[in-house]
Amino acid sequence: MRRQIPLALCFIAGLFMAVQYFIPHPTVQDTYEIVLGWLQTLLAFAFLLGTVSLIRMHFHKIRNRADDRAFSWVTLLGLVSMIGLGFLHPQHQLPGSPFNLMFLNVQVPIEATMFSLLAFYIASAAFRAFRARTLEATLLLVAACIVMLGRVPIGDLIHESIPAATQWILNVPNLAAKRGVMIGVGLGMMATSLKIILGIERAWMGGSD
Amino acid sequence: MGTIIWTTIGAILTLSVYSFLYKDNPFYKFAEHLVVGISAGYYLVIYYYNFIDPNVVTPVFQLRLGDQAIGFGSGAWWLALIPGLLGLLLYTRFFPKVAWVARWSLGIYVGGYAGLGLSPVMQARVIEQIGANALPLTSVTNVLIVVGLLGTLAYFFFSMKHKGILGVFARTGIVFLMVGFGASFGYTVMSRISLLIGRVSFLLHDWLHLV
Amino acid sequence: MNVFEKMLSIDRRWIFLAIGIAVIVPFFFPLGLPVVVTPPVESLYDAVDEIHPNDAPLLLSIDYAPATLPELEPMAMAILRHAFEKDVNVVVMTLHPAGYGLAERAMLDAAEEMGQEYGTDYCFLGFQPGTSAVILGMGVNIATVFPEDAYGTPLAEIPMMEGVRNYDDIPLVISLAGWSAAEAWVYYAYQPFGQAVGAGVTAVMATDFYPYLSSNQLVGLLGGMRGAAEYEMKIDNPDKGVQGMDSQSIIHIMIIILIVAGNIAYFGARRRKKLEEAEAA
Amino acid sequence: MKRTWLTFLTAVLMTVLMTVAAVAQEAAPVVDADTPLEDVPLDTVAPAAPGALTARDYLDSNDAGDKIELDWELSPDDGEGSCDVAAYHVWRSRSASSPGEIVAEVSSGQTHYLDQDLEPGAEYFYSVTAFDGTNESAPVVCAPVAGRVNLFQWSRISILALMIVFFGLVLVFTKLAERGDDLFVRRIPGLNAIEEAVGRATEMGRPVLYVPGIGEIDNIMTIASLTILSHVAKITARYETPLIVPTARAVVMSAAEEVVKQAYTEVGQPDAYNPDNIRYLSDAQFAFAGAVNGIMLREKPAANLYMGAFWAESLLLAETGFEAGAIQVAGTAMVSQLPFFVTACDFTLMGEELYAASAYLSREPKLLGGLKGSDWMKVVTIALMALGAVLNFMGFETFVNWFQTQ
């Protein structure tokens, strides 16, 4: 019951989704669309599960009077206000609705700024980690420098062949390496998928009982 | 007026995140915790209206009330109960005694996506590559691409020790890999810096109107 | 501690500060680095330039979301300014739900700046969900997909839309997108209807779009902030794109200097250490 | 039969006439663009008929047998010659005796039409004519066709074929492994790095941080990561070092809980397991990254392991981790993030090494079979590429085209 049924369901679902790709028959394709809808709905339920975990965690912190419990309140208030605005305002997705304004002026700036922190981290990584210690490391940093120069106006100014060299690096060595990695990764993915469907790989089930 | 207030809120939050570059501080913690809450709420609403409502709630309730079906359309109303039921099973994990029931839904989910991925991966990552790499060795470029590809594949060959001819190829593969990584690094830098420029422009132009 | 070791142990916050300054300074003191205009940008510019003034409109689909705004908004502004300057009518729309406010903002800013009038010189159709269906539908009849503009006026009552029925009456479509929308325009407007399509995409995406250009499925292409900068140079109106190029150039050079400096410090310190060890021995 | 010949002869005659006319016009002085319309003589000559027409059942991914695909050759007057084709008319009929009705007008230069919403299994007769705006050419006809409901997507046969080969290899090696054959797999260098990192954290008395990426449980990298997590958890359980696992997906979190609890039990340290250390932080990418950065600076783990699917947050994590002084080992198959991990971390499992590591660590012979199968599939792939190159070079492009499927 505890292991056999989930493994059987996994096998059936996996087999059907793999095989439907080759069968254009309407019955199969219509079933496929229904099952795909189920999978997407499951994803949404799994997301709600995360929200429940989040609420539990912060309640826990507040109840245990953890040091930074004030920030747990911030999280919970943010969550509750977004849910409230989303469900109470019938046209929450329209521009200018409070839900949308919160999204655009609170969530978007914070996430975009966190994303842009990368520019700073790239610079510090360049200083401390790009060391020409070995031939491989030297190649990496030389290629990075050429491509960086070839993509901005100053590259044209330094030497006219830099943009061309950039294009060559992207189209020849970069292409060859990317394709090799892609084939390897693709095979690894397929082998793992097959093992999941056949019930050989069971990491997703967690424990053993 | 409303716009100014919203822009100022956005600007203060932007600066709070940047303050992390100096060191961890309450302003950053505030922004960090706020975005966790806000985004959880945002996605909850979006997921509900885009998946749960059209796939479960609407078909079940509307059809039972005798209205036109939406969502699955052709399916019977009880078909729409299945994803709802499977979804609810996931919540058994909060009750340790029956937590294992959640695996039923997980099995369908994991198995379904594993099966769904197989053929597209085979097509995009293997078959199309065969077509693209069946290159006659008639130009330096083609020779380099083929050598690079063979080298990279040799590097990812696990069944033999990297010695002899395989070792030579694997070494070549590493060379190509590193040049490729350098190139990705270089061109990703450009996009990331554009983002930073965008944020600075938001602060200086949209908020302070300095430039 | 010698100079190399000092360099190596530098607090990385100095580096952050330097990057911050390098981004901000060009906003106030532009360097005006020459931006060379490349053929894909040139041909998009020409395509817009050839549209007859006050006649069949340019359709500008502003399909970007906030995340890719810094790279793509300068393109929208440059194209709108170019069109308005030449008195070319413009129809603006969006295929991205989050693009509504962004598209409207770019359009209104440019129109105000160039003294254009809503309804006779430009109009805004707003957002419709269902990317491919929208594009295909517009090929048959725009008014069935967008019966009214974004503000509720029926299309028939908008003066500039008189005689504009479908792609036959639109000389050029330009899509600005950080996702697959630009490809969708190629697949669903160019291929079935032969509609001329141009695109503006992010720097990371641009490499994937070159094949469309060489097979003439796209009339022109703007890639990343650099593409926007080139277009701004063409219309002689350097703005955020060109400004961005200054910051972009400076930071790229700074990163390269950091790499070199890091290596000098590392090898210098290592050599010094070896020498000291040799002396001690 | 007679009619076809007649059409053909007319077509040839017309083509010759048109060519002569075209040449004559070319030689004549260029007509000014604003010549009045009245000067153009009324067009009474029909264009030449289009060339051979073929009609066949169309196979798409949801095939109800209601579509038929038509292809014809351009009329000699289309583009070349006198340019006298404005459009092609597609005619459809249920009987051979009448041409039926026009179902489509296809613009000149096109040679393809897809007829939809037909009755599956019914026979249809098609013909195509060239049309110059006033006159219709003689029709070109083809054999009757019927739409069929297909059971197999023939255009995807090459995918199926290679899949059978690959899965065959995987299963054969898995069987060999189960039978006890010793399958050699070289040691993956990154694995030592993981053990060293955990060892150092123990010496320093500080926790180990394990980030299983931000992929969902259906992401194959996440699955591989969970296997590696089980291995890491066993080491930390033995050393009694705290193990913090932040996750971005609730389902991954519950799987991680199970995996870690199980590992602690297997090593005989069930009491050392602390459920508070397996945490769900946020589904949003940068909110998650921000929160993990917070953990690194506030709880000061001495070893950071990043294994799984990562996007742009990779460098945010790795640089903050470096600043916090942790030893870092990463592993991902996300090609775009590898450069950042390679530069910022002490060791990186690249691409397929992530899957290989999980198979290697589990030490289960059954999982090694997949690795072996992948290796030999690489050899097959290379052989196919080489064969394709040779055949292409010799002019046989069918082989390579066979792989270009949709």
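Every chain is named by a letter (A, B, C and D) in the order it is written, and numbering of its residues begins at 1.
We take it that a residue touches a chain if its C-beta (ideal position, glycine included) is under 8 Å from a C-beta of that chain, and two chains touch if they have at least 3 such contacts.
This is a predicted model, so every value here is computed, not measured.
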item: Pair of chains joined by more contacts [C-beta pairs], B-C or A-D; value: A-D
item: Taking each chain's C-alpha mean as its centre, the one farthest from subunit D; value: C
item: CA centroid of subunit C to CA centroid of subunit D, Å; value: 27
item: Length of the line joining the C-alpha centres of subunit A and subunit D, rounded to whole Å; value: 18
item: Distance from the mean Cα position of subunit C to that of subunit B, given in whole angstrom; value: 23
item: Interchain centroid distance [CA atoms averaged], subunit A/subunit B, Å; value: 2
item: Of all residues in subunit D, the ones touching two or more other chains; value: 156, 159, 163, 166, 217, 220, 223, 251, 254-255, 282-284, 286-287, 290, 312, 335, 338-340, 342-343, 350-352, 356, 371, 377-378, 381
item: Contacts with two or more other chains, residues of subunit A listed in rising order; value: 21-22, 30, 43, 46-47, 49-52, 54, 93, 104, 107-108, 110-112, 114-115, 117-120, 122, 124, 128, 130, 140-141, 144-145, 148, 151-152, 170, 178, 181-185, 187, 189-190, 192-194, 196, 204-205
item: Where subunit C touches two or more other chains, by residue; value: 12, 16, 19, 23, 203, 207, 226, 248, 251-252, 255
item: Residues on subunit A engaged by subunit B in the complex (per definition of touch); value: 2-3, 5-19, 21-22, 30, 34-52, 54, 68, 71-72, 74-83, 86-87, 92-93, 99, 101-120, 122, 135-137, 139-148, 150-152, 166, 169-187, 189-190, 192-194, 196-197, 204-205, 209
item: Subunit B residues within the subunit C interface of the complex; value: 21-22, 187-191, 193-201, 204, 210-211
item: Residues of subunit C that touch subunit A when the two form their complex; value: 12, 15-16, 18-20, 23, 33-36, 66-67, 97-98, 100-101, 104, 203, 207, 226, 229, 245, 248-249, 251-256, 258-259, 261-263, 266-267
item: In the complex, subunit C residues that touch subunit B; value: 13, 16, 19, 23-24, 27-28, 69-71, 202-204, 207, 224-226, 240, 244, 247-248, 251-252, 255
item: Subunit D-facing residues of subunit B, complex; value: 17, 20, 24, 28-29, 31-32, 35-36, 39-40, 43, 90, 93, 102, 106, 109-110, 112-114, 117-119, 122-123, 126-131, 133-138, 146, 150, 153, 156-162, 177, 181-182, 184-185, 188, 192
